[in-house]
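Heads up, the next two complexes both have chain A, just with different partners, chain B and then chain C.
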Partner chain A sequence: MESAISACHRSSSFRQRLATWWVILRVALEERLVYRGDFALGTLMRFLPIITQIFLWRAVFDAVQTSGRADVAGYRFEDVVAYYLLTMVARAFSSMPGLASGIAASIRNGEVKKFIIQPVDMLGFLLLSRIAHKLAYYSVAVGPFALVFFLCRGFFLDGWPSWPVLAVFCASLVLGFFLGYFIEACIGLIGFWFLEVSSLLFVYMLLNFFLSGHMFPLDMLPGAARQWVDWLPFKYLAYFPAAVFLNKLAFPQMLRGLAIEVAWLVAFVLLSRLAWNRGLRRYSAFGG
Partner chain B sequence: MAIIEVRGLTKHYRVYQKPEGLWAALRGLFHRRYVEVQAVRGIDLDVEEGEFVAFLGPNGAGKTTTLKLLSGVIYPTSGSARVMGYVPWKRDNAYRRQFALVMGQKNQLWWDLPAIESFRLHQQIYAIAPEEFRRNCDELTELLGVRDLLYQPVRELSLGERMKMELTAALLHSPRVLFLDEPTIGLDVVAQHNIQQFLRHYQEHRRITILLTSHYMKDVAALCRRVVIIARGQIQYDGSLAGIIDRFSKHKIVTLQFCEGQVVDRLERFGQVLQVQQPKARLRVARQEVPRTLASILATYAVQDVAVEDPPLEEVIAELFHRVNSDQQAPDSAGQKVEVETVEAGRRRD
Partner chain C sequence: MNNQAIHPPQNEPSRIGGRGPAYLRLLWLFACHSLIRDMSFRINFLIECVSSVSWALMNIGFYWIVFRHTRMIGQDTGWGEAEFFVFLATTWFINSLVQTFFMPNAEEFSELIRTGNLDFVLLKPVDTQFLVSFRRMDWSSLSNMLTAGGLMAISLWRLVTRPENPLKIEPIIVVLYVFYVLCGVAILYSVMIGLASTSIWLGRNQSLYDFWFYITNFSRYPMEIYYRGWGKVLWVAFTFVIPVLVVVNVPARLLARPLSPRAWWEWPLAGFAVVATLASLIVSRWVFQRALRSYRSASS
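Let's look at the complex of A and B:
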């Protein structure tokens, strides 16, 4: 009897929590949609660099082909362009514009107090806001993305991947979102110790740019470097989903990749919790 | 049992002194000078349920630090506090659901959305039943006269309207204890008055406990029977507003109306001359001197009318703050700031 009551209570508090999540999501979504015109244009603009990329890699491959080779590290010219387009999809999930700097700013200007005074968890709240932010973005960006992929369909020489590969691709995108969120949240929370995190963030962006495979496919790295980068979390933010889609990985490799990604995700979730608790203790001791 | 019980509450914190100049800034990377600020120094306070208490004090007196301690934002260096039986800095959800803090200079509403959306969010965060939410929202927005503005983006509201929305948001969950830090700062007279009226009505009606800090004496005079004056991190006075004058004012204001044709000169021998406008004059006279001074004035001049009044409250309080502050600067007074020199900047970080 008692356990039934407590189970019932638990389920009602869970329902309550779901309702809270839903309202946070909805309100954040509405807030983002205020700016829909702005990011419709922004999305299209984001594809402009693809044109320079096409010219750049065309020149690279022309030079390579005069030496008698048809590919670089297993990538044909078309593959590189397809890879580049796919990393843009991956980064549409994993990039978190303004998250770390926003957290640091709220610590600096005291807005973080809101989350101390009100019975709501900041990391959960910001995560939901970010999901809403992304959903709002996709609802508008899906048009430009579809258009660009349609125009560039010729670069996908092997066509669509199989369903299982597609499933892994989708899973890697979603995991990439969470990983990106918790990495940046950790950087933002460093703001409890150093008021300004912008230079740290700059270093992170730089590392991210190279090590995530955003600049070139990681397969092009020399052997030893490649092995190191394979164990780092960065590649899941851009390279991994694209490589999965392009059939660069055998099935066991894909699953191993997903497992490492989950491990990194768990690590960053725990780290962000720790940073929040420690940071708050420090904040509370030093003025606030 | 008092709803707020504070014993020996103390908060010190260290502030890094940023030196001037590039060379000094570089040296600052290794040698850091910290100044320890004793923001709150041993406060004892009991507030009964349903009281409306004002905290007065000059800037930097420790008012806001005290409110931050009581709302659990910061930990004390020593001492204890209980609010509704909870230790604030433990931040129990049960505690957080029963109080609210409104800061006049910070806003917590979503800028680009209508206020109603922020309110719905509060409904969820504070687990307010739909029925209660609707009733409170209606009542509060009605009383504050902002019902028609619920669906307008917050960024389009005036400062006063926004503050009213902030108050509504803070009271939706019917807190038993409310902390208000400068709620009328920067508002025009009308908006200030509206908010005062609202707070008085709401507090009388709901019997909630309110601690208010404000620089506007009008807020305090209109709302609070009990006033706590904090300066230099300590309570200097705790009592009624009227009692402040008895306790701290050393002067009375004497207004004299002279008879037609009376030559008025050398008034300064009787006290500080505030204003002479024949046939009227106003003097500031030390309180214990008043009877003697009046007798001599009446013996010297032909006086038609005399009035002896207390100086305005604002003046008394300004004088009190000034006195406390100048004590602080005197070299022999007990130092509020203690300098701490440290060699290893790195170690100081935790």
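Let's look at the complex of A and C:
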């Protein structure tokens, strides 16, 4: 009897929690869909810099091909363009605009108090809003993305990868989202100690831009640097999904990559928990 | 604080309204005022300098890696590593001048329109475009001039001392280089003020700034790379309609001299750059004034 009640209670509390999550998700989703026109246009515009990249690499490959080589670090010209397009997809998952600075701001202006009072976990709440944000974004951005990829289908010389590779690709995108979220959350939570994290965030952005492979395929790095970068978490935010899609990695390498990515993810989840708990202990709730 | 030093003296409207030295003095006051503002947040100023320099260094890193894999950008264009770094340094010279003097003002301009504070600018006995264009200066953006200067010095040194066909730099080329860098700044300024004026018609224009960024993005590479296939459309549009391709290409080409002897079209292009500069200044002035005529004050 006792256990039945508690089980019943537990299941209803779980259902309540699910309901809470659902409401958070829906509110955030509706909030995001208000500006869908601006969204779609902005997404399309974001592909514009790729045009100059295409011309730059075309010129580079022209010069390379006259010296008798057909590829640069294993990439043909078309592969480089396909790579840039794919990193756009990866970045659509892993980039978290405004997350770290938002957390730091809410610590600074005292807004974080509401999470201490309410029975809602801040990291969980923000994660759900972020998922909603992303879902809303994809539901609008899928149009421009599909259009650009259709127009650029000629750059994908090898067509679609096999199903297992595609599965790893999707897994790496989802993991990239969570990794991006928890890295930025950790940076934001440093705000408990420093209040202002914008310069730290800038350093992160810089490293991210260069070492994630957003700027160029990481295979082009000279040997020693390449090995270092392989162990860092940044490459999972852009390079890894693109490399998987383009069949740059053998299957064991892919799985090893996924394993390292999961390890980094776990590390950052734990770190963010630790930072949250330690941070709350020294938090003194300034402001209204 | 000494307000008198920052604002033009109120009792001499005739001098401010007149041409010549009054405008120069006003410019000087704006410069001082902005520097005082920047210096009251010194650490912030320093951080901004460091961050813009590190972006620049990262760009050098990118092209360094590219040139580990190729000797040249484009077949037989002559843009090898040292030549291209002269090009890159020129890009930064021009961009940091634009960002120092005009970027903060263009940003503020659309804000002035949105809030209706443009009224106060219109009331002042000074040319409105002058006032809107020069009010704020962001001195920290000049820090990139140093990076660019360093990169330029190293690259020129490499070009001058290379064993085969070393580069000779004549004084006239240096004079022309400075002249064309200023022309480039003028063209980019015209594009920027033109785009900013459209916010009078459109209200807010956040994506227009993205647009500005994407347009100027084309100016960052040697123009030859666009001259192929459907890129020729871009080449024509960005040379003759919105002349951003001549902004960096003309001065960088004059100085780095990627092709030796020079191609036949280099001097005609340089001549065209002067025409393009004058034309874009005139057109942007016209657009600005047309836009002002449709300004209807917001608020109050």
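As a convention for this text, the second predicted complex is superposed on the first by the 275 of 288 C-alpha atoms of A that agree within 3 Å, B and C clash if a C-alpha of one lies under 4 Å from a C-alpha of the other, contacts with A are read in each partner's own complex, and residues count from 1 in each chain.
In the analysis below, a residue touches a chain if its C-beta (ideal position, glycine included) is under 8 Å from a C-beta of that chain, and two chains touch if they have at least 3 such contacts.
As the structure is a prediction and not an experimental result, all values here were calculated from the model.
When the two complexes are overlaid on their common chain A, residue A:Trp193 makes contact with chain B while staying clear of chain C. Of the two partner chains placed by the overlay, neither chain B nor chain C lies in contact with A:Asp121.
Within the superposed three-chain model, A:Val23 lies in touch with chain B and out of touch with chain C [touch as defined at top]. Contact with neither chain B nor chain C is seen for A:Asp158 once the two complexes are overlaid on the shared chain.
In the superposition on chain A, A:Glu111 makes contact with chain B only, while chain C stays out of contact range. When the shared chain is aligned, chain B comes close enough to touch A:Glu31, but chain C does not. When the shared chain is aligned, chain B comes close enough to touch A:Ser284, but chain C does not.
Of all residues in chain A, only 38, 41-42, 45, 48-49, 51-52, 55-56, 58-60, 62-67, 72-73, 199, 202, 206, 209-210, 215-216, 220-222 touch chain C in the complex they form. Residues 47, 51, 54-55, 58, 61-62, 65-66, 68-77, 207, 210-211, 214, 217-218, 220-222, 224-226, 228, 231, 234 of chain C are the ones touching chain A in the complex.
Residues 13-15, 68, 71-75, 89, 91, 93, 96-97, 100-101, 106, 108, 110, 112-113, 117-118, 120-121, 123-127, 153, 349-350 of chain B are the ones that touch chain A when the two sit in their complex.
Of all residues in chain A, those touching chain B in their complex are 16, 19-20, 23-24, 27, 30-31, 34-35, 110-111, 113-114, 116-120, 193, 281-288.
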